[in-house]
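Okay, so subunit A shows up in both of these, paired with subunit B first and subunit C after.
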Partner chain A sequence: MKYQSQKVALYYIYGALTLFAAQILLGVVAGTVYVFPNLLSEVLPFNIIRMIHTNALIVWLLMGYFGAAYYLLPEECETEIYSPKLAIIQFWLFMFAAGAAVVGYIFGIHEGREFLEQPLWIKVLIVIVALMFLFNATMTLLKGRKTAISNVLMVALWFVALLFLFAFYNPSNLAVDKMYWWYVVHLWVEGVWELIMASILAFLMIKMTGIDREVIEKWLYVMVSLSLFSGILGTGHHYLWIGTPGYWQWIGNVFSTLEVVPFFSMVVFCFYMVWKGGRDHPNKAALLWSLGCAVMAFFGAGVWGFMHTLSSVNYYTHGTQITAAHGHLAFYGAYVMLNLAIFTYALPYLRGREPYNQQLNMWGFWITTSAMAFMTFTLTFAGVVQTHLQRVLGMSYMEVQDQIALFYWMRLGSGVVVLIGVTMIIWSLVVVPRSAARVTTGVRQPAE
Partner chain B sequence: MSERLTKSAARNIFYGGTIFFLVIFFGLTLHSHNYMLNESTNMDELTPSVVAGKHIWERHSCVNCHTILGEGAYFAPELGNVWVRYGGKEDPEGARDMLKAWMAAQPSGIEGRRQMPQFNLTDQELDELVDFLKWTSEIDTQNWPPNEAG
Partner chain C sequence: MDNSDEQLMSSRNLDDIGDADDANWGGLEDLPGHPIMWVLILSELVVFGAFLLVFSAARISDPIGFASDQVQLDRVAGGINTLILLTSGLFAVFAVHATKAGDILRCRLWLLATSVLGMIFLIIKFSEYMGKFDVGIGLESSTFFTLYFLITGFHALHVVMGLGVLGVVAIWPSRINIETGTAFWHMIDMVWVLVFPVIYLVR
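Now for the complex of A and B:
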């Protein structure tokens, strides 16, 4: 750690990991309700469980991005963060908003639109948090060195905030409502979040492979160009059956097929850089997460996305368990693994230690990633059966659900394994270094 | 990567191309916006009751169990065409009564069956919600879903 103010990233990393734990716990509960439908049905209905599961995910990912930005901006800009104090206030405000939202949801206080359930005052608070961040980070960028990585990251985070403003627009016409709802949802995860992903991966590659910045930053511009040139019009694959004109089918087919390309380019980029760099970086776990992120994002977002994106296929699969399968692996591969990569890389520096406890972290990687892959397979099989029985043969929804009950059991099983894997990851990042630090105060121990 | 592509050229392609695609995207959504208001949805029938029904739909976050036009959670049936599935086209009064009776009877409490909560809606609220579902079923969705099962 070269700059003192990078320390504020620690708040965000710990906050993110806390919400990550909540997200996974609620996910296991939701998976349990699928096989024991009467569980909690009076106390905590499924819609509330799911709301907490998805919201906790989105908020912890955002919190991770803020933390990543506060960690990498000083190194990229070669200057301290404009106001570390403001960054800490921003963190607590964000954490408060997240906590208040969750408590409110439990008591049935929400605005009810999918993923945008936050009550109005919490949405306003989120905008204030975003403005505090953008001010602080932009001031840091302006007073320091401007690199492609920091520029792309900041452009992306500005757009994250701007696009969120569409969350305040709720037209009474459901079709119009849905069209602008995707401005937030699609243009985040299949648009500007990919810029965040590419720039953080580029930062990690510079640090861990030692490849020349000029080369990496040229790649970065190519990757983010591919992301937005395909992703912006790729929104068309959501404008198929919601009352939008028919021409979106063609636009969606062409551009969302191309959405696979940027993810593939990130795989090539990461492996090529690691191979060419040939440097033996001590933080093996961070390298594993970076490579794993590119690969799993390619499969989850790229391959599983393409699988049901063509309008002739989507006509039958839209809104079945196929969508759930894709959603789970895409979020895990692209954004969960990205955050865990930068956390794993940054924490040893932030804690002032050599890379520690790589084994536990890497076991966590393999267990969680395998379980997420298995979960995706079970949901995909469930979705294929559901599509055939319900959309082709016309069997009623609840009858079909009984037919695919076995897959929900297997999904719950993989969910429990994910919980175990995530516990190992969080343990290796948070708990182990704490006790290790106490031991090493006296005698210096060799790094693992 | 080719030596001919410089970093500043790549940067200019990124910013220029992004603006280009955003302009096309905004243009098309503007056109789609008008298409929805004039062609695919029935603005004349978007009554205060339908709007009230949409807010009831949101207040109870129905979308976190059900899908509507295929979007939402996948825990409970599609409701974009529930009006059609309940025979609302042939017998509007019958479909309305059946939908209201269904919601009044929840939760079923049957062991091993997914439970829908009791939202304690008034008779007027139930009517508004049904109006919203009826209005939604009349959106021109390019013939989606493929059949009545939703």
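Now for the complex of A and C:
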């Protein structure tokens, strides 16, 4: 760690890991309700459990991006954060908003719009948090060196905030509502979040492989171009069979098919850089997470997304467990793993230690990743059976749910294993063993 | 390496780098204009290619419907537009030659001529659309017309963007800029040369 102000990232990383734990716990509870449908139905109904599960995920990922930005901006811009104090206030405000939202949900206070359930005042608070971040980070960028990585990251984070503004517009017509809803949901995860992913992976590759910045930046530009080219009009794949005009089918089919390409380019990028760099970075776990992120994002977002993206397929699979399978692996592969990669990389520097708990962290990686893959398979099978029984043969929804109960049991099993894996990961990141060697100077960075 | 090394690294000439695949753009390196434009051009070709394949596949599933819709297209207007775009491509070539000769004024005039032809293309295309709307044909009249409007509409949108690109490079007419901008323009006329026969002509 070269700059003192990078330490503010610690707040965000610990905050993110706290919400990560909450997200996984609620996920296991939700998985249990699937097999014991009346469990907690009076105290904490399923819709609330799901709300906390998904909201906690999104908030901790965002918190992770803020943390990543506060960690990497000083190194990229070669200057301290504009105002570390503001960054800390921003953190507590964000944590407060997240906590208040969860408490509100438990008492049934929410707007009921999937993923954007936050009451209006919390949405306003989120915008204030975003503005504080954008001001602080942009001022840091302006006073320092401008690199492709920091520019792409900041453009992406600006658009994350701007696109969130569509969350404030909630037309009463459900089809129109969904049109705008996807401006937030799709253009985040299949648009600007991909830029965040590409820029953080590029940062990690520079640091860990020793490949020239010049080479990495070229790859970054290509990945960014491909993401935006396919992702923006790829929004069309959500406008199938929801009351939008039929021409969206053609646009959605063509562009969303191409959305696989940027994810594939990230796999090629990471592996090629690591192979080409041939450098033995001591933080093996961070490298494992980086490579794992690119691969699992390709499968979860790319392959599992393509599986049901064509309008003729989606006609049958829309809103079945196929969607759940894709959603789980895509979020895990692309964005959870991305955050865990940068946390694993940054924490030893922030704590002033040589990389620690590497074995435990990597066991956590394999256990969680295998369990997530298994969960994805069970949900995919559940979705295929559901699609056939419900959409092709026309059986009723609840009758079909009974038929796929076995898959829900297997999903619960894999969920418990995910909980074990995540516990190992969080433990390995947070609990620094006494034996971990201190970095004496605190300045020495691996060669760039 | 420390940061001064890194700065040195980024400022050195691409040609000085020994290992060819390390710091250059690989296969895109030898193409005229900025390599990232070629990433865009290749992406565009994939998209228009995919749309034309989809169109052809849809025609196979409904040859009679497609034939009866196709006769309503104005092939003469399409043919004239083909000649206009090809000529504009030639003018774009002249603009590149002028900039290579260092004659900025001549380069700008050729870019202007290119743009004027691009605008005439748009006017003809617009009047074709109006003609269709007047007889009640719209975006959702049939699969043929949905794809016709989408494909030619996307293409026309690229002509509009191309005019913008030509305008920008005319303001900053360095050789690399002119080559980059005209490469985009050539992509537009090449795509039209594929769109025109597939949609208007093939029986």
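Before moving on, here are some points about what is shown:
What we mean here is this: the second predicted complex is superposed on the first by the 431 of 448 C-alpha atoms of A that agree within 3 Å, B and C clash if a C-alpha of one lies under 4 Å from a C-alpha of the other, contacts with A are read in each partner's own complex, and residues count from 1 in each chain.
We adopt the following convention: a contact is a pair of C-beta atoms (placed from the backbone, for glycine too) under 8 Å apart; a residue touches a chain by one contact, two chains touch by 3 or more.
Being a predicted model, the structure only gives us computed values, none of them experimental.
Judged by the touch definition given at the top, the superposed model places A:Phe229 against both subunit B and subunit C.
Legend: residue contacts after superposition of the two complexes on their common chain; A:Ser370 is shown touching neither subunit B nor subunit C.
By the touch criterion defined above, A:Thr32 reaches neither subunit B nor subunit C.
Touch criterion met: A:Asp212 reaches subunit C, while subunit B stays clear of it.
Using the contact criterion defined above for the overlaid structures, shared-chain residue A:Gln403 touches neither subunit B nor subunit C, since it reaches no partner. Of the two partner chains placed around the shared chain by superposition, neither subunit B nor subunit C is touched by A:Thr423.
Within the superposed three-chain model, A:Val392 lies in touch with subunit B and out of touch with subunit C [touch as defined at top]. By the touch criterion defined above, A:Thr257 lies against subunit C but remains apart from subunit B after alignment on the C-alpha atoms of chain A.
In the superposed pair of complexes, A:Glu78 makes contact with subunit C only, with no contact to subunit B. Subunit A residues 214-215, 218, 221-222, 225, 229, 245-247, 251 lie at the interface with subunit B in one structure and with subunit C in the other. Of all residues in subunit A, only 34, 37-38, 41-42, 45-48, 50-51, 110-114, 117, 148, 170, 172-176, 178-179, 214-215, 217-219, 221-222, 224-225, 228-229, 232-233, 235, 239-249, 251, 315-316, 318-321, 323-324, 390-392, 394-398, 400-401 touch subunit B in the complex they form. Every residue of subunit A that touches subunit C in the complex is listed here, in rising order: 78, 212-215, 218, 221-222, 225-226, 229-230, 245-247, 250-251, 253-255, 257-258, 276, 447-448. Note for the complex: subunit B touches subunit A at residues 1, 5-7, 10-11, 13-14, 17-18, 21-22, 24-25, 28-29, 31-33, 35-37, 39-41, 43, 46, 50-51, 54, 57-65, 67-78, 107, 109, 111-115, 117, 132, 135-136, 139-142, 144-150. Per the touch definition, subunit C reaches subunit A in the complex via residues 1-3, 6, 9-10, 22-23, 25, 35-36, 39-40, 43, 46-47, 50-51, 54, 139-140, 146-147, 149-150.
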